[in-house]
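Here come two complexes built around subunit A, the first alongside subunit B, the second alongside subunit C.
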Partner chain A sequence: MSAGFTARPLLGRRSATVLAALGLGVIAWFQLGLTLDDLLPDPARGATARAFATAALHPAFDYQGDFVPAAAPPFWRGVAAAALRTVVFAAGGMFLAVIGGLVLGMLASASWWRTAGAGPLGGRLRPVGLVAARVTIAGLRSVHELLWAVLFLAALGVSPAAGAIAIAIPYAGTLAKVFSEQVDEVPRDASRAMGALGAGGTLQFTCGLLPRAARQMASFTFYQFECSVRAAAVLGFFGFPTLGQKIAASFANGNYGEVWSYLYALIALVLTIEMWSARLRSGRSVR
Partner chain B sequence: MSDARDAELDRMRRQRPRDRFARATALLLFAFGAGAWLSGALRPGELFGSRQQGNLRRFLFEELPPAPLRGDGASWSDWFGGLLGGRGIEAALAGANTTFWIAALAIVLAATGGALAAPFAARTLARPDPYGRADAEHPSRARTLTAAATALRFLLVLARAMPEYVLAYLGLAVFGFTVWPLVFALALHNCGILGRLGAETIENLDPTPMRQLRLAGASRAQMLAASGLPAATPNYLLYVFYRFETCVREATVLGLLGVASLGYWIEEARIRAYYDELVLLILLAMVLVLLAEVASTAARAWIRRSG
Partner chain C sequence: MNLGTRFELAGVGLELGGNPVLEGLDLVVEPGECVALVGPSGAGKTSLLQILSTGHAPTRGRVTIDGIDPATASAEVLRELRSNVGSVHQHHALVPELRALQNVLVGRFGRQGTLAGLRSLYLPRRRELREVHAVLDRVGIGELLYRPTTQLSGGERQRVAIARALYQAPRALLADEPVASVDPARARDTIALLVELARERGMTLLVSLHDLRLALDHFPRLIGLRNGRVEFDLATDEVGPSRFDDLYRLPRTAGGT
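So, the complex of A and B:
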């Protein structure tokens, strides 16, 4: 009679989680020794803050510094070139990351080992290979791209290729993790049917499983590309010739109008990619 | 027979759905990525130059090994006690602790902001007749809500367009060197992401319960409170915990700007060229991120189980 009726607990799991999160915030307040006074802009920096804030409405259209080399290109071309270099760093990093992500992603997916990786040798390697790939992925992902960049700076000095590789390493890990999950979650009916008709493991994987995950994989890759553009911009703060370098240099020289021009360029870049991505996901151009 | 089958296969192949825009995008990105390396814009050859190779050798064999391994008579206990300019490993652990709490406070703020923004940004609600019935209130209110939703969605895009690092850099210059700019930078960026994901969660909810409430006369607020928000919460929390993991990674790195998270000590070690310490601290950062990942995965599994 009472089946289907359970006493409602005083505090559901949802409310418990929400309350716990708010509690965490309170603990963080004390752990970090925060005060509300620190929320007010530092009076010593008031002039800087005001000048910087007002410059938002007056981005620079020309160099603001007093000493502009005669050979310097027009300002707008400098902005465009820095934006382009940012995209080049991001695309170069993503190029390696996608290759690494595809290879590691296959090795980390149970369905690859079940189909294409199956066989006498694969059967023996499978338990080791799957774990090794997943541990490698966790390792790659757990070090932030900027820390890789710091490490490469220490080991090699500033080199553009090292910057792109710094982006590629953790992004390869993230792509591999997501790719493997996406392939593993695809319905297996098609690959099973192909197997029953005598198709080999490789064919089952490449024609039965991969095409079904392809759309989601592409969509996530594009999202990662958007993240890599932001990462490439930030690399500029570490001496790489992207937008961040320009932002830092102009800010240090007090040319706040220039800073805002570069910031707007970065925002425009990210917005363009985001709109592009929305168009991709809507799939309006599917015929 | 075989010819007819081939012709049929060929016809099916020609008629399969094709996304030209997606193909063009893939081609463009591939060309750009390959071009970045092949055109020499990234100067890959430099990595193998004699100066870089010399740097690498010095880094690996002279700077990276801790002093006791370099054979200049230093003991391990001296090395360990002398870490972080004599402050010892405790300072690094305190930095790791700060990193965690910066991430925690930021994600709580971001989750709160995102949860407040999501219902106002959701397209299924920002219309004159949400879930099948027009507002009983004045129609101008529906127009205001729709306009506000568009503006809010744009603000959320702006919030997430800015990298946390740039926000923190600018914030530190304006607010001075406290922890607040780091918290705000993380919170703002993640609020942009969580607000959008929250709105999408509401848009993708099963419309039936809300439609029934609505047709029974519920106001927007009643409909959300009774059905929409409780139904969207588990999914939203999944996103929050996923972003928390990212926040810990980012909070570490924001310290590079000179505020006491783990990144502060990493930057210290880099400036002083104590590369053995640098690598040790990066390993510590790695452990912190892995712990956060384990915690977040466990929390998400728990939410999934309980629905």
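So, the complex of A and C:
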């Protein structure tokens, strides 16, 4: 068409934000006084570092210490038991986290309030409910699981519940945030069509929106499970009987071969979960 | 047999986001009538169908569906009204993650509570399966009953969408550009099927169309919309070619070739 046009810049606020973020990174680097020399260990520690690194090629298949109690189980059983307890801690935490994540995620999603939460009562509660849910979620997420673990250790001592709840709280927050976003991003045409033929709000939500987000939600839950296994392992450093406890003990005694055996067990766990979730994502094991 | 729905619009106007979309619409569609809505893009066809399916409330004037004004109806009455008006959407509006039969079962959600709806979707009874199979068979894809919707072709999905509307057992069927994205042969089949089903079940049928040939061949009554107003409302044999030229003539300022 013949009408004139005004030239507009194509690089706008977003490019400026990216540049600012990069700039912050550079400033932080100088603030910390980081130099590449720091990456080379000083000679005194060099020997330890070398010993630890070479042990990676020689993981222990039996106890390395001199004083092994006669009643101790075979080494491999100790590794297996610690790995299993790590998974049990993670699974216990995730079980609570998924329930909390689903409930809070619904309350924090605009589409839940538009469908299932609609109605005279929901309409009045919505402005408060949506904000309250999102603030709660932010609160749960802003404290790391290890900090929760320290708090619960002080309150409950080294109990299985303390470990599981420490994992459950921040993971519930993260799951809720991501669930709510995933449900809100799903196409709404089918749920609207259900409303047009008279379906109630809960049916619109559970049958028109949830199934469309289900695979992504499951995939993210698996990823979080993987993270929680790592978190459960680290809880061992605080005295919970997971892989981390074994690692700490072996490391303190200089039995680096044992440390690597435990680390390989942890890697095997994470890989197993990854393979399982990959199968789920590809849809082969669905239905 | 269903008895068709009667739609009546009196002085209906609609504004969306401050822009006038429909103005001064006075229309009556009698029970069991088959009507084609024609007109260029942006004429207001979709908005008119949205008003008839209670998706939009008119900004001015009054719409009544079987004598009931949805604007003043109670929640229960509105729900009942909606369960009696079926829609076929251009992009089908199915849930791709569900199977063909589950998308059809959705058709009866308007008459079911939450638990009954969930039960029927995941644990359908034999009687429900038989009924769903019958409607899928009627639209020619009975063998696809258990097929995941993602594995269906565009034409098959459209048939599932029509089957959903049939299973709903509505008294009126509204279709917004149902054939805008299919090839001409399939478009003809689909329109013929919609008209046949409406006649068979006594449903009132309103279809918005771009294709004038299809409108002339299949519908006894044509309503031409342009710029949100009714340009003509005539029996098909009264519509001359000049009517269409006027309806689709481009505004001069747009400078067609």
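Keep in mind that, in the parts below, the second predicted complex is superposed on the first by the 254 of 287 C-alpha atoms of A that agree within 3 Å, B and C clash if a C-alpha of one lies under 4 Å from a C-alpha of the other, contacts with A are read in each partner's own complex, and residues count from 1 in each chain.
By definition in this document, a contact is a pair of C-beta atoms (placed from the backbone, for glycine too) under 8 Å apart; a residue touches a chain by one contact, two chains touch by 3 or more.
Note that the coordinates shown come from a computational prediction; the quantities given were computed from them, not determined experimentally.
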- Are subunit B and subunit C a fit on subunit A, or do they clash, once the structures share the same frame? clash
- Message: Tell me the contact category for A:Ala91 with respect to subunit B and subunit C: first, second, both or neither.
- Response: first
- Would you check which partner chain A:Thr17 touches, where first means subunit B only, second means subunit C only, and both and neither mean what they say? first
- Task: For A:Val270, decide between first (touching subunit B), second (touching subunit C), both and neither.
- Result: first
- Task: Figure out whether A:Ala47 sits in contact with subunit B (first) or subunit C (second), or with both, or with neither.
- Result: neither
- Touch check for A:Val234: first (subunit B), second (subunit C), both, or neither? first
- Task: Using the superposition described at the top, determine whether subunit B or subunit C touches more residues of subunit A.
- Result: B
- Have a look at where A:Val143 lands relative to subunit B and subunit C in the superposition and call it first, second, both or neither. first
- Message: Per the contact definition in the header, classify A:Leu32: touching subunit B only (first), subunit C only (second), both, or neither.
- Response: first
- Query: First (subunit B), second (subunit C), both or neither: which does A:Ala70 touch?
  - Reply: neither
- Item | Superposition clash, subunit B against subunit C - the stretch among 3-11, 21-29 or 273-281 that is involved | 3-11
- Query: subunit A touches which residues of subunit C in the complex?
  - Reply: 53-55, 79-83, 85-87, 89, 91, 93-98, 106-107, 109-114, 117-118, 121, 168, 170, 255
- Any idea which subunit A residues touch subunit C in the complex? 1, 189-190, 192-200, 202-203, 206-208, 211-212, 214-215
- Message: Could you list, by residue number, the parts of subunit A that touch subunit B in their complex?
- Response: 13-14, 17-18, 21-22, 24-25, 27-29, 31-32, 34, 38-39, 41-42, 44-45, 48-49, 52, 85, 87-89, 91-92, 94-95, 98, 138-139, 141-144, 146-147, 150-151, 153-157, 159-164, 218, 222, 225, 230-231, 233-234, 237, 244, 247-248, 251, 263, 266-267, 270-271, 274, 276, 279-280, 283-287
- Message: Looking at the complex, which residues from subunit B come into contact with subunit A?
- Response: 17-22, 25-26, 29-30, 32-37, 41-44, 46-47, 51-52, 55-56, 59-60, 63, 97-98, 101-102, 104-105, 107-109, 111, 157-158, 161-163, 165-166, 169-170, 173-176, 178-180, 183, 230, 233-234, 237, 240, 249-250, 252-253, 256, 266-267, 270, 273, 275, 278-279, 282, 285-286, 289-290, 293, 299, 302-303, 306
